[in-house]
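Each of the next two complexes has chain A plus one more chain, namely chain B in the first and chain C in the second.
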Partner chain A sequence: MSHEKLHRFHIALLIFNTQTGVVLFILPRTVATYFGTNGWIALILMFIPITLNIVLITSVYRLGRGASIFTILKSGIPRFLLIPIYLVIGSALAMVGCMVIKQYVMIYQLLIFPQTSDIIMKLVVDILVFLLVTKGIYNMSKANLFFVFLLITMVPLSFIFMRDFDLTRMSPFIFKEGKGFAQGSIKVFGAYMGYELSIFLFPYAEKGKKWLKYIHLGNSLTIFIYLMVTVICYGFFNYRELPHLSFPLLDMFGYLHFPFVERVQNFLYSFFLLSIIITSGMYYWSSQAVFTELIPRLPWKWVLFLVMASTFFVSNIPKSLIEVEKWFGVLIYFQLGVAIGLPLLALVALLVQKGRNNHA
Partner chain B sequence: MSIFKKITQMFSASKNQQEQAPQGTPQTSGPLTLDSILQEFKDCSDLTRYSIPQLEAELLYFEHQVNLQIYERDVLRPLLNIRKEELDDLLRQSQFVAASNPAGTVNGILKGEIALFIPQGVYLIDAYGPEKRTIEQSQSESAINGPHDAFNETLDTNLSLIRQKFKSNRLKVRQFQVGELTKTKVCLLYIDGVASMEYVDEMARRIEAIEFNSLYDATMLTQMIEDFPNSLFPLFQTSERPDITISKLSEGKIIVIADQSPSAIIAPSSFFEFFTTPDDYYNRWAVGTALRLLRYLAFLITISMTSLYVAITTYHYEMIPENLLVSLTESRSRVPFPPIIEALLMETTIEMLREAGARLPTKIGQTIGIVGGIVIGTAAVEAGFTSNILIISVAMSAIASFVVPSYIMSGSIRLIRFGLIILSGMLGNFGFVTGIALMIIHLSKLTSLGAPYTIPAAPIRPVDWKDIFIRGPFWSFSQRPSQSASPNKNINKMKK
Partner chain C sequence: MLKRSRVLMSFLSLLLFATACSQDQHILERIGYVRTVGFDKEEDQVRATLSIPLIVTEAKQTQFTDEILTATANSGKEARITLSRKTSRKLLSGQIRTLMYSTDIAREGLRNFMDTLQRDPTVSKRTELIIVDGSTHDILTGTYKGHPRTGQYIDRLLKKEFEMQTIPRILLHEYFRDYYDNGKDPIANMIRKSGNDLEYDGIALFRKDKYISRLSPAEVFYFSLMYHNQGKGEFTVTSDNPDMRSITFDAINSKKKIKIKKMGDEKYRADITIKLNGGALEYVGDLNLSITEDRTKLEGIINEYITKQCEKVVKKLQKNRTDSLGIGQYVRNKMSYKAWTDTSWDDMYRNMEINVHTNFKMKNFGNFYD
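Right, the complex of A and B next:
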């Protein structure tokens, strides 16, 4: 009956499921387009700065002795400076949560329900996300365990393609025929996004510093899945074919045949809803945490409702998948701001606080 | 949400106003006399009044509530064999308890006590012993191996069955009374030093807080003390078998039994416990494990089979392999309804057959089964009412739903299936996954007596998996389940 704390393993899976999502379906194409031959190596290269970024976030926890990020910021930075920062961060996080659903729904519309309005489908997913987030972060993490379990059952399916994997489709060259390393790096960085939300989990995690390693574990699970999918796609198709496939993973799953069912790619894509609601739910949850800090008198469930309702209307602006991807192209800079800027700002706040204490 | 709360508060406020006078409390506030008590039992023709003129004594009791042997041995024979002067000596015997007020006397008579009115005062003698059912096998939880005895409707018998199997003074029993009218005795059982006292106190608080004038069964009691009374899922496991009760007690759980009910409530319970049976432990562990896995598979089949049929035949024909597609389209081409209507019709028919079979006597129930089998099996297909593949899917779902050992859980799962069919009919695979997600989100928030309902899966407790998802060998059981929050984790050692 004691008040539940987030178990470290729950945090790992929460980070993992926040990171993965629709991006898994387009990652092999993105990597092949921007990095060309053996582009999957870029995933490993990008893993290094991301690991360093996680170290930066965990250092805030260590130096702040487990205090909430908002408490840390409040203690060292004046409120009038924090208000615009919170407004920008809260809005950006909410827009990421919203666009994740929009992208999923638009792909669904493209593949399966061309005549169904994407607004209706988005509304259904929004309701699901709202119901999930209003249960609180502990219950979200519990639901996530079931979701991850159901999603992980798809992993063995990937091994079926090992017999069609051919090394001759790979190339001995690295990063040749790619469109641009810098642009590709930002895209791959975007694929890993989700770990930065761990900065909002400080007050909910179990006591001690053990759980911090589990952020790395979640991130490692992500790179394992990303690498597995991308490498199999490189060997199943080839680096020249991949840039021309919209959703290489779905095309690959299209070849699956069972005695009683075939062409399961659409069904598997439907199951990715379980990942989407966690990704979006975590961003919305973080956004509401930021906005609740701004308007503490309003109950947090109302804050969430208002945030979700306003982003719902904004989500009607982009009309095509390309537009959504362009929006993501802008939002990634805000995400980078949260991932790198927010912990740095917290460290500054801690230094200011320390300076004040010494002075006193 | 707040509007809903206000409406419910409004209703409960008006209800409270109507029920200001407690219905079961005797109204007498005057002196304790024979006439005042007789007035209380006015028009109760089953009340027996027996006079002993030589002692100026009157006896009042309900004959059907009283054990006649005790009555004759402890009350009647001693009273008939003494003189008036010896009465004071007799009244010193322990079975004679002086009554002080009319309310206590009325309650005593209702509870099976005999009221003795003499010039010296009023005395109550406990001679409770109504007719009771003998110990039989459980109808709803039949056993192949292991003990076959089951609880019956008598609290004392049920307590005796537990004490017979559990010979330890650590087994504690707290008693409560629930129901203004029924005054049902409710007992809370736990093992001292093994059960979490936090849970025991919480359960006691919930039982004491019940304001309901009638309690007929423990399954009714569960709905009054549950954490989420509006949830579709049962949050406390119930059982009629003493062996389950004993095993749960030793796991550190709490048992609640009520008089006039053969079911024991087990708290806290986990969602996965509803898929376990005592037979798992009486079989070899590999067989027990296989059976357990079979039940989880049955659960998946029950919730998904028909809804996937609806989703695929409505929106995703491409998923069906060519060979199967030919026979399916051939069969479906004669059906004039969309798959969702077809499936809901068949599922409702199956549910009606089940309900009719459950309520009717066995012999008529068999007839219903045969008629239903013919109607559904052949006539419905031949008449172009439904496709034969749907028949197979509906039948498999129905059979699978009965594989779930708990009848209450099985009912909840069947209801969820309807929701999934409707969502699948509206949005195909997307609707199906939405339904699954909704179910998981709902399950994740549930708690049983404050403990997580989905433990050991979420929160994750791998150490408990060997007795939930599989049935591990006995040597591997060393710890009590995490959900019990037992102060004594080691299952094989008792703390001094």
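Right, the complex of A and C next:
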């Protein structure tokens, strides 16, 4: 793979763009459904455990002195234990990457091409993702810089909504009329997912510990965008309307009006393909990294191809958007496993290794 | 290099394959973009009227017409299917600009119609919502000589008024938003046919999704002052007072503020303060506008007059139990969650003390010096 190292700023943007995606379109609804009035506060609350989680991941890097996660695991845990773990993690990550595209494509179908087969549309996006990931992580991060730049240009649009924003609609109540705090927390946690992939970046990042802070920077950028969108949605619509809107952000974009173009929401939604490609690409790339560890003899591009091909067939099982959201409901637990379980396992491996060294 | 170009080629061919297969192609000449839809009540059913602008080019002549389709059915979408059997074009709702409902239908509640409007992603939330006291069918089938084509006429008439800020901008988004809010009731604009023209006909007041009553066009100005902040527009005040027979202002600027005060046990009072200024354009009366004392006196008269008119509108709203100004939102924000859920806002609103205060300032008195 490439010998160049990932710049710390690139890592921040990579994390940010992996986290955001289709979830941005759904998040205000999720938050309003589960937390009710002023549910956006939940985003800030969830930010704390996630920051702690990132600290956990970075501590693996610090204690492992920058070694790759696979090297650390190998050194402390017997291979026969690692194989099933790798299999589960690799498949779960690949499924996340696959479902991200599936969800995007299904919304695309709903909005723009109701009669076109989602399988063909997904195949087209899959090819784009494959072409991007085969360029290697370094080139992915460079492309991402450009993608993020394009996506950030949408932020000033939020000023347009300020005219129709009204604080009185937000009410002073906190977390009333919500459907469930626990379920909502998991959903919001899921919205932040993407930072856990930083654990696979250890060998590709620049030397030193400086870049670890930039994972937090990427995560902060995410919460900034999430908060901005959700708070605006709460004042633009209201907490009782939000649970009824499938895609509040699209409805809000739909309210935009330019003299030269109608229906900007379709155009803006297509823009998000840039985010989807990175989100999905990062998950596929991580999955590939796990599987390559299992079968080191196969070239990694072949591994990627096989992973993508097999998930493509699995992705035909869910037929509706609701089903896709349900799948995400299950996959989130695997993501949590990678986010919390994997670094803990690595710490155990480091301890075992240390104990062994002390004995020797 | 060869490998890369091969991948690219296969990708391109696949893309072509995918686009060719697409069922979603729309050929402009074969599409009927519905512009205006009207719903009337007919016995137990709904009569839907669609207006589709057509441009027919034959030989060297181009003709602009509206294709009008009418059908009676149980629901709006069912009517559309019946209607599509009557036209040579594929009906699409992506360009609907105006939705009209007769008061008969609105009185029973618009909830049944709202479902499809919210579900169908092609229906824009910027669609204008209009209530018609009478038949929407008559409006859509009418010809208005000297005006643009009907659909366009309605659309432009409203857009112009929105732009002038003389009436509240009510599109589907605003209607839905206020419908779901438990501290506000939605409103909609009304139009009617008057001879050879169409005319703005005031504001339809809703309680939840049911049409209750209306405000006349004369009342709309005072309602607007309390409903939203204005950055433009003009208004005329007329009275029997010899000091102010009639005065017209333009370039007005208004700001409203609603304050809630708790008056002991479970009693609240609302104070609506309107700050308004504008430049005089026309004045008929005995005062001399270039004299400061006279001007202050006139401002006082105007303040009193506007306050009185606004309070009349508020009384009417209260009598109808339609909280169109969203006083409930402000009361809710003053309460604890428990207190709010325990109060019956409907009853409280009807008997609530609501005062209006006006603070009018004359910016200038025009080009003329008395």
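The rule is simple: the second predicted complex is superposed on the first by the 357 of 360 C-alpha atoms of A that agree within 3 Å, B and C clash if a C-alpha of one lies under 4 Å from a C-alpha of the other, contacts with A are read in each partner's own complex, and residues count from 1 in each chain.
Note that contacts are C-beta pairs under 8 Å (C-beta built on N, C-alpha and C of every residue); 3 or more make two chains touch, one makes a residue touch a chain.
Treat the numbers as computed from the prediction; the structure is a model and nothing was measured.
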Which partner chains sit in contact with A:K179 here, chain B, chain C, both or neither? Use first/second/both/neither.
neither
Name the contact category of A:R62: first (chain B only), second (chain C only), both, or neither.
neither
Could you tell me if A:K319 is touching chain B, chain C, both of them or neither one (first, second, both, neither)?
neither
Looking at the overlay, what does A:V264 touch: chain B (first), chain C (second), both, or neither?
first
Please work out whether A:K213 is in contact with chain B alone, chain C alone, both, or neither, and reply first, second, both or neither.
neither
In the overlaid three-chain picture, which partner chain does A:R240 touch, first (chain B) or second (chain C), both, or neither?
second
First (chain B), second (chain C), both or neither: which does A:L110 touch?
second
Quick check for you: in the superposed arrangement, does A:T168 touch first (chain B), second (chain C), both or neither?
second
Check whether A:D251 is in contact with chain B, with chain C, with both or with neither, and answer first, second, both or neither.
second
Common ground on chain A, meaning residues reached by chain C in one complex and by chain B in the other:
112-113, 121, 124, 131, 257, 262-263
Per the touch rule above, chain A residues touching chain C in the complex are 37, 110-117, 120-121, 123-124, 127, 131, 168-169, 171-173, 176, 237-238, 240-241, 244-245, 250-251, 254-255, 257, 262-263
Could you list, by residue number, the parts of chain A that touch chain B in their complex?
1-2, 4, 7, 9-10, 108, 112-113, 121, 124-125, 128, 131-132, 135, 139-143, 145-147, 149-150, 257-264, 266-267, 270-271, 273-274, 277
Can you name the residues of chain B that touch chain A in the complex?
196, 198-199, 202, 315-316, 318-321, 324, 427-430, 432-434, 436-438, 440-441, 443-445, 449-452, 454, 457-460, 485
Which chain C residues qualify as touching chain A in the complex?
7, 11, 14-15, 18, 21-24, 94, 118, 121, 124-126, 173, 176-177, 179-182, 326, 329-330, 332-333, 337, 340
